[in-house]
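The two complexes that follow have chain A in common; it is paired with chain B in the first and with chain C in the second.
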Partner chain A sequence: MRKQPILQVKNLKTYFHTDSGTVKAADDVSFDVYPEETLGIVGESGCGKSITCMSIMQLVETPPGKYEGGEILFDGIDIMKASKRQIMDIRGNQISMIFQEPMTSLNPVFRVADQIAEAIMVHQNVNKKDAEEQAVDMLRKVGIPNPERVARDFPFALSGGMRQRVMIAMALACKPKILIADEPTTALDVTIQAQVLQLMNDLKDDYQTSVIFITHDLGVIAEMSDRVMVMYAGKIVELADVEELFTTPKHPYTIGLMKSKPDMSTTGDRLTVIQGNVPNLNRLPSGCAFHPRCPYVMDICKEETPDLRDISATRKAACWKVFQEKEVSYE
Partner chain B sequence: MSTRTDIVNRRLLKKDKNVESFWANVFKQFKRNKLAVVSTYIVLAIVLACIIVPMVSPYSLEQTDTANRAQAPSRSHWLGTDNIGRDLFTRLFIGGRISLGIALAVVTLECIIGIVLGTLAGYYGGIVDGIIMRISDIFLCFPFLIICIVIVSIFSSGPATLILTLSILSWPSIARIVRAQILSLRELEYMEACEALGISDFKRMFRHLLPNVMAYIIVYATLGIAATILTETSLSFLGLGIRFPIPTWGNLIQPARELVVIQKYWWYWMPSGIAIFLTVMCCNIIGDALRDAVDPKMKR
Partner chain C sequence: MRTYIIRRVAQMIPVFLGIMFILFLLLQLAPGGPSNMLMDPRMTVEQKEELAEKYGENKPFYEKFFNWIVDAAQGNFGNSITHKKPVTAVINDFIGNTFLLSSLSLLVGLLIGVPLGIVSATRQYSAVDYAATVFALIGVSLPAFFFALLLLKAFAVDLALFPIFGLADPLLRKADWLTRTLDKAHHLVLPVTVLGMTQAASFMRYTRSSMLEVIRQDYVRTARAKGLKEKVVIYKHAFRNAMIPIITLLGFSIPGLLSGALMTETIFSLPGLGKASVEAVSQRNFPLVLGINAMLSIVTLFAALIADLLYAAADPRIRYD
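And now, the complex of A and B:
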């Protein structure tokens, strides 16, 4: 029943050339986003999640960043080759983004309604008054009480949760086809987190938007996503439907992540951790980048980098051990 | 349920009164400084007088009255007459019009040049920043008086020449202030959010970044007006600025170059001296008060 993908990322390479070497923040990343699905991206800090998504929006600052290759196909356009005009037209209109830090993501000198209205006026041919009415409507939709009044407030009068709702309102104001949410709930406290996630889920259905959801919180991923993409050191290591991934993780890194999730039923023990740290991206180990931390390391892991292969119709992984097991099971 | 939300809403509304915008807060802080408030009234009074007095005065700018030369202040000539019998009270306020007008024009022009170049430099950084800042370095190196003398001797010394000269020589300082602010502001997340919304560079610079710098610009402009009045008066005093018969506060005190005038004809130079002193001091006090008011660290 798979539909045509709405966004195709093929072999995306975003590198940073720094004095201490080349940092491959997104290295040969390929994935598809389908209409109306939520694709979760998980991984530790510095594994390239945000850079991958910023590349889709062409928001990586160049220099120091550089797009070394790949294609990002959206709506028949290769974003990597699109003109500035085309990209500006896509940003905020077709693909929009919510950021991690709601406290600083709104301009302090403008009223809330002005900021949302501006986002609308950039992409739609409406006058200021209509745009402001739409803005108030959006505020109502994101569950802000008394939207007429809040619309006239300056951002500093709002709490973090309210500001994140305003950001969501702004991002959805032009009914984008894809919404990229870069850790939208990390800066919020847990009860507000739950409300914001619920809101995003509801709005996603209302607007029939695909969501790319970046987070390092596995609980949030389980709640939000249809499919999950696990990234490590700039590469995708596993891609699967959310249930599959949580019940039978294949890649040792995913297994490690699942194990290190705090569990309400066990008490008193230390949390399981994945030994070691994320490698420095400009001094990656040879072969599979995960091999120094992998409990199942084999000789081939130290020499050759595994590519992302299909291991069933719905999942992909990049791990020599997984490939071997699969071959065994075929025989 | 509805009553409860009503109560909550009412509470929110009540709280709303304590929430003030940035400018409301600046205004409140400014009002606390009584000296600055008095200064504001004085400046307003001077400006009003400069507008009204020449309109209602029975004397005109160049009307000479040789019968009444060098008269001390009297009922018919409130500030006396000069050596060819022109009414000094009228000339003082016409001079004020020109001095204040020039100061305002210079500050406006210099702010426009400085803000545009400073914003471009801060926003784009890199080579654009390098070029603009080196140009500003060059302008800062110019020996001010010598350039003025050269320009005045090449072109005529009218108000237009003076305004252009002063503003072209003084834009680098405001450009630097704006650039420094933009440099730090452009890294904030809301600028990235702006970019992600597909808002153009031009709008991001002049609609989103600039209002955040406005407070500093206003402070600078207030202090700049005081400084420009002083510069203009010194140039006019030296004969490099506006020349007779057009009066300015600067060339009205020009007769004081002669000892006789200082000793015997105090009404030639003292009123314009006091006018300069009052205006400049009040502008400086207002500027200082504004600087304190917009500084978030000063909030008590």
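And now, the complex of A and C:
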């Protein structure tokens, strides 16, 4: 069977209390991350993928956000209860993160080498000169041409793809156990996107890092992930191995996503879409949040929220219809 | 860089001429002239004419302007009528005190305003933030002269903690250096408080809004994600960026300080440029008015240039070539 999980998220609840009501951005989210795997998280904008990962890093702005409950177990400690000291020790060292916007994620007034060296010096007992040498090494590893010169540049002198490489270099500088990539290629154009994905895959193997990969691009997910977690309105609706999920999606939302994927073989037809819109997270529908858009909706869906249950050894889903088919016993 | 500075200094010349032209125009429109204030009521009409002629009041406006520019270019700013000394000598006598008052006030303003703005922004909507914002609002909206009078009434008159006017106690004229310095500092407390608080209030407001914008930026989140201490995140990563607009404000606050000193010096009767220029205006001492304003406009023009240069030093994205 599988190895022991390296990170366990249990019943994570991160809410935003706004004037127009409470937004349950991550609502009772539970999942495990295993060593050296890539876990993909997909979902539409605002489904809680980023907030879930920001909660792991404890980077959600509080207020307006609030951690309402749950546990995040990593390396024997519960991050939700950890001291500031422990969290700073984890951030950038054990768990690193790269962000969606390479253009704005680097500090414009510091040189590239200084920004990477800073991450190294915070966690390792090295002097500035050694840290800067390591920074140049990292730049070389992420495939930046002429790393010595780029190290002395300010971020404004670099293109988006280059900046994202710098972000990756910074994130991997301390050889983290987990790398969280929050839509790292969304802001890049397609050729650069492919290069960056390739780079991440290579480095992941070199560094034996687990990766949590957030995206709304199913093509990227298929290429990058071992397992995939589908989120809808702050909840996990399906979690499965990547092949299983793509060949036999179970949850109606996942089925809808797969159908709406553009396909090279079916030319001329209109793209299939999931009817309706993502619900306003302030006013979620009763029962299953997906029921107003679900083609297989049943009476129970409108009244009770399905929980995430094991469907098979490698698969979880939260859907009344799936439970019925699999004859999962009701409580 | 060097060519940029040379170009900017060259550009100052037409701007300066423009400023002086407007000043001449305003003085031309103002009623009376130097001779009016010196007239003896018993003078005959001929004597009055003679006096006016002596001060060149009957010459056409453009000729006065042209003469002044030609003389000024040779370093001759004329004589102050009331002081019976060259204008440059009078400015020289007073500029030290004004410089002392303004630079101390600027220092107080920065030391109070900037940290207060940072704390206020990092704890937005907290009690500290509300207190600091109210302080800044009062500081910005309360007129300096009124604040000065309040302070005078409370601390100089009622409590008698500080002297009411001047910069030096005449009885200590022969005392040693240390006693005189302490005496001067004692005299400066209230004026520096008045001018420093107005400065602090505006620096606080700028720092706060600048920091509020910066701490929401992605690179601040990146800094946190690196595992840096919150202090390093705020004071290094956020503040270095928030500083950029504040530096511009710094350059432009220098002329504001000098004109603020005008009010403050007059109320506290400090022998400075501000007081001298208020007196010069009321005495129609036009050569001194022109001299002081010429100096202020040059200071202002250079302050703007220095602000632009500091701006480039703080922000690597800005390059002048």
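The definition used in the following text is that the second predicted complex is superposed on the first by the 327 of 331 C-alpha atoms of A that agree within 3 Å, B and C clash if a C-alpha of one lies under 4 Å from a C-alpha of the other, contacts with A are read in each partner's own complex, and residues count from 1 in each chain.
The rule is simple: a residue touches a chain if its C-beta (ideal position, glycine included) is under 8 Å from a C-beta of that chain, and two chains touch if they have at least 3 such contacts.
A quick note: this is a predicted structure, and the numbers were derived from the prediction, not measured.
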Superposed partners chain B and chain C on chain A - clash or fit: clash
Partner chain(s) touched by A:Val109 [first = chain B, second = chain C, both, neither]: both
Touched partner set for A:Asn146, first chain B, second chain C, both or neither: first
Which of chain B and chain C A:Asp226 touches, first, second, both or neither: neither
Partner chain in contact with A:Asp241 - chain B first, chain C second, else both or neither: neither
Which of chain B and chain C A:Phe99 touches, first, second, both or neither: both
Overlap of chain C and chain B interfaces on chain A (superposed complexes): 57, 59, 88-93, 96-97, 99, 101, 104-110, 118-119, 122-123, 154, 167, 170
Residue ranges of chain B in contact with chain A within the complex: 5, 8-9, 12-13, 16, 19, 21-22, 188-190, 192-200, 203, 207-208, 211-212, 214
Partner chain A, residues of chain C touching it in the complex: 217-219, 221-230, 237, 240-241, 244, 314-317
Chain C-facing residues of chain A, complex: 57, 59, 84, 88-93, 96-97, 99, 101, 104-110, 118-119, 122-123, 154, 156, 167, 170
Touch list for chain A against partner chain B, complex: 57, 59, 87-93, 96-97, 99, 101, 104-110, 118-119, 122-123, 145-146, 149, 153-154, 157, 167, 170
